[in-house]
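Shared chain: chain A. Partners: chain B in the first complex, chain C in the second.
Our next item is the complex of A and B:
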């Protein structure tokens, strides 16, 4: 496998709960590992045996198609068995609790839990309750680390690096776990993050985050090297953060017109699924600047890397534990 | 039984703020009243003599804000278990909040709480009734009949009365009865869905926040209504610097407005929630250091009438839920005194007499109950405190049924050694 950094680096986290607590070198190590796995996708036999005999459970308490499929395929490519577990979030406070559910699954002998949940911190709660590895596939407004990892992986591929890069994130920052994970990753990697949207979609104390804030897309558009258009998630918007979709698109939509004023090589990203004509016009989403489909492809490599790394860390932990008890 | 029962408490530092007393004095209790204070010659027939050297002898403590969960959630706490915990914390009188299941919103339920309190035979149990039926914030509950049954105040605690017109009616009606109206100030249009203080920490954790303004706006609104009605009004568990300003101004205008502060709003900030530990999930939420400083300054200034635990027991299984789903509340009755000392006496915000005042006659004055003083002829509710002993808070030893205590493992100074209710020794700290 191609590694940019030396093999002396030791990844020690058996969970991936978020990017806020990772160091720059750790994030880079995931990206480097993902490059090795991306190469597997180009082979005729697209499987590696690194998780053979292991069980990954996809615990999804919220709807998801692409993230779930991506994790399932990533686990399959690493030769793991995958259990699909779906539950609606509405039953969270009644009947079986999240901890009960996790402990029950663990009793069946699972190795890695991939969890998506509507409540921020739910993956952390699970990681405290069971011994298996836990990978966060999105928790409330908190983090969506593998999405941000595939975003920065894509940026690194297309732009070559992060120093001096200006990355705009546009839309509902307040309710976006994608934005939070991207803010942590990009700022650690040396890029400058500019959050763009109406004040009603900005979180409290946004000025204390390692970012610049602009309430005008037009005011900063020309500076940007990368623009990440967040999906307007109507189910998350509380109250009345903007008067109408039309007005939102007028001020914050990425239109063909705006593309004319942007840098010619502006990299256009979107975590999907796209609301065509709302946050982004179809012609832009499908145009030459768009890397939206590459993001999806990279997601697979990044998730393979994450599953591989957390599992390695768990093996390492077991080995150290055994040595300690022998010694 | 013939003859009188007497107990002599000898050589302690008697602090009785209502009577301006802070000196070494013996206290002779005969039956259920204080018979003599000063240098007391040991009566030949004293049933018990207690050496209180180096101890504080104070009026039994009063907590005007507890949740004992009965009726409805007896697995979390009962009036018996809660009042046992209260005794261990040095409290001889507590006020139960009406947000039970069903809510205490009519006279027979007030009587039920009183009866369970008498049966438990621990602390004296007072109760507040709901302002509105079912605490729904819509129709007035039978405030008059509940007052006649002994309710000491009215609140929809757990939430505030949102509808301004309903609140105005409640205040006007309560004025007729000269009843106390207490409020959990929180504007739900701002706070709805929030689980912690709105601020940097909520943003970083991706949790919905409760803006300090949600508390301040309702408090400000209520103060304006009180200007109109003249009703006795008590702001429960104020938590923000802005609320302190509103209270300061209301008091300066001479309005009949009082307030209370909890130990957690004096000791903890929203920084504590970094690990999504639900033992720090409480409503009103933990705020910031700036708010703590403002609350302490208000206490030093004498603006705060009472300290109150807002003892809110919850099951472990409930607190093990996701932070969004877990219930609000902290159980702290048994360690409350040590917490107040840590927050207020140790850093020199106030001294012992001021602390005891906020735990005795000042809350009694808010409630208009004849408690919290220790003069000759007063009911012998007495707490004996060892002010200097240090101990580690151990929630596993709580008499409360619940363990949702974020102070577990903290080092605390000062312990309650004995608690007397109506002249009867009802709690004695175990030897450690």
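Our next item is the complex of A and C:
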């Protein structure tokens, strides 16, 4: 989609903590910027000298392969150096606090911290204690902004826009930061969000979110333009939210049968990793409606754009500081 | 505000550029035209059309976005936040004769950035530079192969190229 942009936009956020506090224009600016970065991955030399001489730290306190590798590769493609930090191989296992860990890393001269943490709000806490830019790579049940950005980037590419679009998010909404960030992004961009799942997996206060709720997939299936199948996160599920995996699959799984009843061009998404045969059948995940692998490719472009923008905002801050002291 | 070129004169300058490129290019098989965003993009399209007519064969044309290669990208004393757009070149530049097109040649820094961006895409056989206006004031040792006009412009003034496709009219002014 080659849209000509003539207006100058100033990105002012040195940290990307979530999408809840961003305006529509700001989200669109990230998506527009990502378009410019997508081409880099198609070249023979897949690198641009954007963050040359800068250091990015991946601070992951929770397991991740996709997001972590995607951030590492994004930083590498922008020519930054990357430090990989893991909870088990660090002083965190010796009792160091989150803020001390971040301050120690900062003392080594880092520019951007990418952080994933089990506690919601951890990235915000870090952003208040250090000068470097902070990017949230998933915090507790709060937000996972870059995942939602790559989801909406994919939807915009495939559907052309958001007006009048009905997007279903299916599964464990209560424990999903991906769902939360998607709800903020999609509603700001003008799409209608329908949360679908058993009542036991809906968040409390769901009526305060800008969404519709359906406890039955079959009741809304035919209306949907896009369906985002969340993974059942067994590691986060407490109690017995549904009687059995088979029953969940029966009512909420995306099957070949259900695809026959859906709109023929229904866009099928999944943030990965997939539980094949549970929330989605293999034939659907690998079928013509699936954009799951495109999502992964787009994630790289979106993360390059985010790293670029937060760093530009940090430079902007220095620029303003200089002008204030000159004038 | 002083006008350097009107629509007719821009057309004549492009004609002159096209003739000069054609005269140097015995074999147009490998010729491609690449414009630097955003005014260079429009000029490149116009030149490619003219060259195609001249050679009676299609001449591939693409657009280079040099934002990520600018040397003031991370400079707090730089101009301010740049907007990243896409590079759109749907052909391979390996072994090609690249005619790089920009509107105004001044310090030479944009051309340096454009050449760095180009060699990241592949290995052209040669790069030649065509500009509509060479206003002097070079900070890098860079020279154009084909120049529309060479005006004398004082350092504190800016040369602005307006083109119908982007600005609604064709003219070059100093202000």
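What to note about this one:
Following the convention adopted for this analysis, the second predicted complex is superposed on the first by the 313 of 327 C-alpha atoms of A that agree within 3 Å, B and C clash if a C-alpha of one lies under 4 Å from a C-alpha of the other, contacts with A are read in each partner's own complex, and residues count from 1 in each chain.
Everything that follows uses one rule, which is that a residue touches a chain if its C-beta (ideal position, glycine included) is under 8 Å from a C-beta of that chain, and two chains touch if they have at least 3 such contacts.
Just so it is clear, the model here is predicted, and its values are computed rather than measured.
When the shared chain is aligned, chain B comes close enough to touch A:139, but chain C does not. Contact with chain B, but none with chain C, is seen for A:180 once the two complexes are overlaid on the shared chain. Touch criterion met: A:33 reaches chain C, while chain B stays clear of it.
Using the contact criterion defined above for the overlaid structures, shared-chain residue A:106 touches neither chain B nor chain C, since it reaches no partner.
Of the two partner chains, chain C is the only one that A:318 touches; chain B does not reach it. By the touch criterion defined above, A:305 lies against chain C but remains apart from chain B after alignment on the C-alpha atoms of chain A.
Of the two partner chains placed around the shared chain by superposition, chain B is the only one that A:122 touches, whereas chain C remains out of contact. On chain A, the surface touched by chain B in one complex and the surface touched by chain C in the other have no residue in common.
Taken together, the chain A residues at the contact with chain B in this complex read 20, 92-93, 97-99, 117-122, 124-125, 129, 139-143, 177, 180, 203-206, 208-209, 238. Looking at the complex, you find that chain A touches chain C at residues 2, 5-6, 8-11, 33, 35-39, 43-45, 47-51, 54, 305, 308, 311-312, 315-316, 318-319, 322.
Looking at the complex, you find that chain C touches chain A at residues 65, 67-69, 73-78, 80-88, 116-117, 120-122, 166.
Those residues of chain B lying in contact with chain A across their complex are 192-193, 198-200, 202-209, 211, 275-276, 317, 320-325.
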